[in-house]
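Supplied in structure tokens, the structure appears directly below.
Going in written order, the chains are labelled A, B, C and D, and every chain counts its residues from 1.
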Amino acid sequence: MSARAKSRINDFVIRLANVNGTGSASANTLLMKSIFRMGVPVTGKNFFPSNIQGLPTWYEIRVSGDGYLARSGDVDVMVAMNAQTYQKDLNRVTPGGVLIYDSTWPRDRQLARSDITILGVPFARMCNEHFSNARARILMKNMCYVGALAALLDIDMDVVRSLVEEMFASKTKLIPANMEAIELGANYAKEHFDCPLPLRVAPLDKTAGHIMIDGNTAAGLGCVYAGATVGAWYPITPSTTIMDGFKTYCERFRVDKDTGERDFFIIQAEDELASIGIVLGASWNGARAFTPTSGPGISLMSEFIGFGYFAELPAVIFDVQRVGPSTGMPTRTQQADMLAAAYASHGDTRHVVLFPSEPQECFELSVRAFDLADRLQTPVIVLLDLDIGMNDWMCPELDWDETYRPDRGKVLDADALEKTENFYRYLDVDGDAIPYRTYPGVHPKGAYFVRGSGHDKYGKYTEESKDYKEVVDRLNRKSQTAATLVPKPVIERSGQPTKTAIVSVGSCDYAIREAIDILAAKGIHMNYMRIKAFPFSPEVEAFLNEHERIYVAEQNRDAQLKHLLTIETDYPKERMESILHYSGLPMHCRSVLEVIAPEVAKGEAA
Amino acid sequence: MSARAKSRINDFVIRLANVNGTGSASANTLLMKSIFRMGVPVTGKNFFPSNIQGLPTWYEIRVSGDGYLARSGDVDVMVAMNAQTYQKDLNRVTPGGVLIYDSTWPRDRQLARSDITILGVPFARMCNEHFSNARARILMKNMCYVGALAALLDIDMDVVRSLVEEMFASKTKLIPANMEAIELGANYAKEHFDCPLPLRVAPLDKTAGHIMIDGNTAAGLGCVYAGATVGAWYPITPSTTIMDGFKTYCERFRVDKDTGERDFFIIQAEDELASIGIVLGASWNGARAFTPTSGPGISLMSEFIGFGYFAELPAVIFDVQRVGPSTGMPTRTQQADMLAAAYASHGDTRHVVLFPSEPQECFELSVRAFDLADRLQTPVIVLLDLDIGMNDWMCPELDWDETYRPDRGKVLDADALEKTENFYRYLDVDGDAIPYRTYPGVHPKGAYFVRGSGHDKYGKYTEESKDYKEVVDRLNRKSQTAATLVPKPVIERSGQPTKTAIVSVGSCDYAIREAIDILAAKGIHMNYMRIKAFPFSPEVEAFLNEHERIYVAEQNRDAQLKHLLTIETDYPKERMESILHYSGLPMHCRSVLEVIAPEVAKGEAA
Amino acid sequence: MTYIAKPKIVHGGLSRNGLGLTVRDYEGGMSTLCAGCGHDSVTAAIVQAFFELDIPPHRVAKMSGIGCSSKTPAYFLSASHGFNSVHGRMPSVATGAAAANRELHLLGVSGDGDSLSIGLGQFCHAVRRNLDMCYIIENNGVYGLTKGQFSASADVGSKAKKGEINQQPPIDAVQLAMALGGTFVARSFSGDKAQLIPLIKAAIKHEGFALVDVLSPCVTFNDHEDSTKSYAYTRQFFHRAVHLDYVPPADEIKAAYDEGEAMPIQLHDGSRIVLRKVSEDYNVQNRGAAIDYIRAHQRKGEIVTGLLYIDEGEPDMHGLNRTNSTPLTELPYERLCPGADALTALQQRFR
Amino acid sequence: MTYIAKPKIVHGGLSRNGLGLTVRDYEGGMSTLCAGCGHDSVTAAIVQAFFELDIPPHRVAKMSGIGCSSKTPAYFLSASHGFNSVHGRMPSVATGAAAANRELHLLGVSGDGDSLSIGLGQFCHAVRRNLDMCYIIENNGVYGLTKGQFSASADVGSKAKKGEINQQPPIDAVQLAMALGGTFVARSFSGDKAQLIPLIKAAIKHEGFALVDVLSPCVTFNDHEDSTKSYAYTRQFFHRAVHLDYVPPADEIKAAYDEGEAMPIQLHDGSRIVLRKVSEDYNVQNRGAAIDYIRAHQRKGEIVTGLLYIDEGEPDMHGLNRTNSTPLTELPYERLCPGADALTALQQRFR
């Protein structure tokens, strides 16, 4: 018996099949949040096509009282609202599961299965009867299935109602119709089926102190709190909502009520080369500046990233990774830009990269990214992925330390410059390989010349080998300094003696934790390290060295994290084995189990 | 006693210090070629600033009867024509060497050395007296020092004369003046000094069957012979002369004498993004197309390179590496774009990279690059460097196999398509992971849709995990096929039992061979492998595995070749040690000796 | 994209073109754009234009970048060659394709984001080269595919769906092409098939860069009140400057036109276009006057449409290069390779 | 670049500006350009302009790309902040710098290759944003630093040193800036200091994007006969349309001008420029007429110079954004961070 099969209360997956552009998103969020408000851990993953309207889209909600919030791979309740994909959706249901379909139209008798429960609800008919407006009929169908599910899954109707009221707080007129649709669905279910199903929600107290938020919004909010004033971007899925988030909160908190004057500047650039140019110009001039992008943007930015590295300018770049190579699958998730980020640009370079694993960390590391960029005077790339960035995750509430002040790094202000004899931009005064910088315009003594061409430690143009090497050797040492300043890995020990560990990054986290628990239940104990930054802090190599065997789990084809570990640590490569998941869908624990313990994986699948 | 000290005949280095824009280049070439025509192996390295006129420039000629043609690091004869750098040039002379200066003006008595011979020749005065035109006075000074050197080094005056005649074949009027200047210098030397010097040239027969050519010209010529018809580029040092070479020979061989119609199309693009776009468009449409560039260009092209990889389009890209990161030192040499080339672009990618070591190989591998790009349907990057590309190297004469026909790879022509039931662009029909392609317009059945977005093996758009993975997994297998098709490494065994080897690429070659000989003379035996391509052919790993210790010699700070070997082979990293030379000047054998046998290196330096 | 196969039913009654093909043979996969999207109308016009021109589909290359507009090549001419490149860089790919094979018909479809933001440089340089292609911009003032941000063609004062007002002056592809020496410059509206189809036909036949900037409303993100790229706004302020008829090579010019009012222009393949002024003071062969006219109407909020400028006298990219008239891809290798003797001879210089 | 330190000898007799600085304080490192290069004359004009405007050098940011022209910031205002970015992408860096600190004076120096080939997109978008900067193109029709290839501003028929003839129509930065809504558009010649210095001064003082396209011959690669960007050619076909005097805020307009002929224009800081028509039919505030005038003279092979268009009424980039008038970099963190309570409150939405 698998770990998950133990209890069907608060432990199942709902998958909602819709057509995009029909307004199902808010209904699905409502459903998920209702469960969340009942204190039950939950997560929602949106699978949407790279178009705007008319194609299949799915939303998957995992309910897990135990807090396993990775994708499970199962579908226990399917809501098949899209005729186009009905066959496929039917097949997708895990044996023993439930399928709910719109019985307005007769269902093809061929499309049946005896190993699942199939429930028909005439959503369209009921909505057509109750609502006259064409658009409302479409939208209300969504609310209607929320109602049916609420009844079937025993979701607290009061919670649903208060959420609806909050949703439409600014258009209260819409509340009654929506509630009506919900009740239509609920009543139909109660009248025609045994409610609730064995598979259902029961109130818990496990979501207190938590929120449900997507990583992009959290990252955008982090930029506001970090004190960023300049944001430049070129729209690209799945990174766009970072700037949307930044904008929302800047408009809320940074616009003068009286004058309308803004304490921020968002520039929609003409492309990604311009975005990063704007960021470098603004950072050089003393602002905290950032740009969100995705893979193709990183490729386009790579010349400028190398410039930032060599000229030593801060910059914060968010790369919300999607499936590559090339345009790839823009609405699917992957972690395949790690090499591209770590060594972006021609010539010898090594960049600081941060890997948040969920939204709360997006917020935290986004603030941290600015501090590191300023402290290390170098571009910092924050690698999210579509799963973290665009899906709603349950995560600890964001909190804020009022005593926080930005670390602007080694900047000589007017006073300091006044006292200085001579200011030399690239001199390693303190032995930490980080020189001092100035902001333009602050003081006559602070002037210097930024260039991507060869320069000596004083900042002067050079073509002399010795002078050039002095600078690039220091940059190499700065990278060592960086390793000591970046966030340390998260290490979790199994509590049992073991010489085996899993190493991973970012959004693999939940899948791995779940796998570790499952394995532990089978007596297979694993330590776990989640890397949060590159260059690797010394703890990373130390942890590796404690183990005889390391599984490196990541979401790309080519084992990019393993490559980085191979290059940058002395841990023997032959003791690392890869767990690669690169389907474009969020990782689930089976990918891990299949490599580590195929027999356990099989058991799970059954 | 070092290997080189054995004989000072045909074994020394001449360094000529000039100001750029004063026409010294042709004089220096004349000098070098005279020695070459006397049958003595010789090489010339140009050290020039990143500007057009008025800054110091040096030309270094190594004369080596034994055929050691790397930079030696010594300066045995300095011709100090640039007052601005006189002090520095004086200091540069190896003890026992000779310095020749322009004694027209009194020499600062402070600037003396007792351990070298200092010879003054009044070049300016003599030329001012003999020539009336201002420009001629400047130009003739250069010829004048060639004459002086010819006398001092015992260079055959008949050879010099015939070279001058060839140089000015189209402006014969200029021959007498130039010969006059040469004789002025020669006569002055003969009258005032003991000629020849102990350090001199003696005729040999070691240059028969060889030519002196720069790598860029050879590469451009290779493109002509490969049948390339479309060349797109954006000028960038040090790659520009590849297109100059292509153009020269196309204009000679591919223009219809009567109509002026051209069988080629060279497009000076608006930037590098456009260059590579043009190449991909032309390749897709059935032409052989290429673009030369340098580091910043590779960064800018990386989005499109990823497209080429995923959409499987041939493209040939020459990256003539210069010193990075960023703009770096555009007129200095380095091998620091290896990682950037091998894994260019976001997402999982792996590109075919070729590493020629000298001009003859540039020619050969440039033809090979087109065959591989067509056969593998993927971008191929040929990594030269400034040293190979812009300096004149002595290398075997280029020869051509008349039976050669381009390997256009798996292309279905009209006949084949006529017979085909259905053509599917990305289907692995033969099991070698290489699908069939068609050229547009050839046959109605050949139409397909090229895209950088997710597609299935039939070429259809997809967002399905399974279909996507099928394609990228095949691309991964194609990379294995590539490893079997690319040029194998050059392996040279010491002839003595040894478990140690040096592994290197490209322009490191001569320096390493010289070091190996020196070490062998000391009883230290080393095998040698020069890698010619990435992905590594199986021979590479097999060779590594034969050895207990590997020195990886390369011209960059970060050990990029070693990284590639670490990632792509199972050879234990801890058994590899790096020899890194990244000053921007061509590599010399001392960099190698200093790591492998510091005591030998010291001896050599003495 | 061609996700969904469209059932291909050939009705017996469909008329056939000179190649014996029906209009069905010029269609593509089922559109996955929003219902009502202007781009789908442009798709229909393209289908019709190629059908009427008797061009074999496989002799056409459909080039595009990224965007809703750039997806459309999947929805027409499924028997043609498609190249959906990267965002904003289609002009360079088309340039390479044209260089390689001058006989293939190149049709570019792009968006205002694709051509005027990220692709502005490449777009301008393609105009400058007079690359022989028909280049259609499906212009909706927004980035459709990334959900409605303003593009560089958005007008000052135009309001986004979420309320934001655009403040920056628009980049007008038509004026830009004029300024850069473009040899065929046209503007139209996706809702005006009668104007669009002959324009596209003429653009295909023009030897050189033929720009057709088509106002093509985005129903999802930019078709509301206060948008200046909506159907309603465009219909209202739409101003036809010239009327165009396309006449195939073999055909007589049938309609009777008054002297002075109608002007036939001969294209390179012998076909002609017949222009009729709708507006008195318009001169389609005077660049300066055309710019003035467009700007004057623009100040009044009017969108001048039709073939706005044409110059059949300028050489295209191949003319400038004096390329062999045989496509480079058809030259035998033997002609391209100078051979062993030449190699030996040329090396004299390197000794 | 600043390779060679230039001896700084302050002569007792040098005049001092309002800040008590001499012209020496506005100089830079020794130029490493070719002797006679037009760019060095532009350098001299820049030095003079900033000196005369009493601008503290450290309040100036010198922005450039890559090229001989882009090197010149090392040769003037050595006490200013320099930013030598990557090829063609200086406009974006300048945009970011402007966003961060609206009070710093931005001076961009670029080349025709830098701005009209690789940088064309960024250049156009900077014009469109009306970024507040003085942007000088040192235009020589070639890529100097890479040894003389034609640039996109090379005229049709111009001959390269090696004999090749340019066939493609030039991209004219002036006409482009006009078409894109540029608010200050000027052209001058490096050999005409009298015109250039007041133009640069006015450009610096203009609030918005001020383009000064300076013909600046390349003596090494493009100063021969048959070049249309040589000193000789430029001197011959050079046509002054307007004469400009710059009058600082405090000063009276001293010279007496005839009514109708002289036109004073007030700049944002209270300084004025006084324009005198040289040519009867030129109107510096009519965009359409200006374009026509330039094009008409261009057809005659003439190069129209002077301040060709000015519009002091348009808001600059910050005006459009309604940015705080205090530079963003000077806002205290406390003002930027919403604080812990706000964070708690806003999270209500996420429950």
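To be clear about the criterion, a residue touches a chain if its C-beta (ideal position, glycine included) is under 8 Å from a C-beta of that chain, and two chains touch if they have at least 3 such contacts.
Since this is a predicted model, take the numbers as computed values, not measurements.
Taking B-D and A-D together, the chain pair joined by more C-beta contacts is A-D.
Set against the C-alpha centre of subunit C, every other chain centre is closer than that of B.
We define each chain's centre as the mean of its Cα atoms; on that basis subunit A and subunit C are separated by 40 Å.
Subunit A and subunit D, compared by their mean Cα positions, are separated by 44 Å. In subunit A, 49-50, 270-271, 296, 303, 307, 326-327, 451-453 are the positions where the chain touches two or more neighbouring chains simultaneously.
Chain contacts: subunit C has residues 3, 86, 117-118, 120-121, 125, 129, 152 touching two or more partner chains.
Residues of subunit D touching subunit C in their complex: 117-121, 124-125, 128-130, 152, 167-169, 171-172, 175-176, 179-181, 287-288, 291-292, 295-296, 315, 320. Taken in their complex, subunit A has these residues touching subunit C: 21, 49-55, 234-237, 240, 268, 270-272, 296, 326-327.
Considering their complex, residues 49-50, 295-296, 298-300, 302-303, 306-307, 309-311, 323-332, 334, 336-337, 339-340, 343-350, 451-454, 463, 465-466, 468-469, 472-473, 476, 556-558, 560, 563, 566-567, 570, 572-574, 582-585 of subunit B touch subunit A.
By the touch criterion given at the top, residues 1-3, 56-59, 61, 63, 73-74, 78-86, 89-101, 103-104, 121-122, 125, 129, 318, 321-325, 328-329, 331, 333, 335-340, 342-344, 346-347, 350-351 of subunit D touch subunit A in their complex. Within the complex, the subunit B residues that touch subunit C are 33, 36-37, 211-213, 221, 224-225, 227, 229-230, 232, 249, 252-254, 256, 260-265, 267, 269-271, 273-287, 289, 303-304, 307, 397-402, 404-406, 439-444, 446-453, 460-462.
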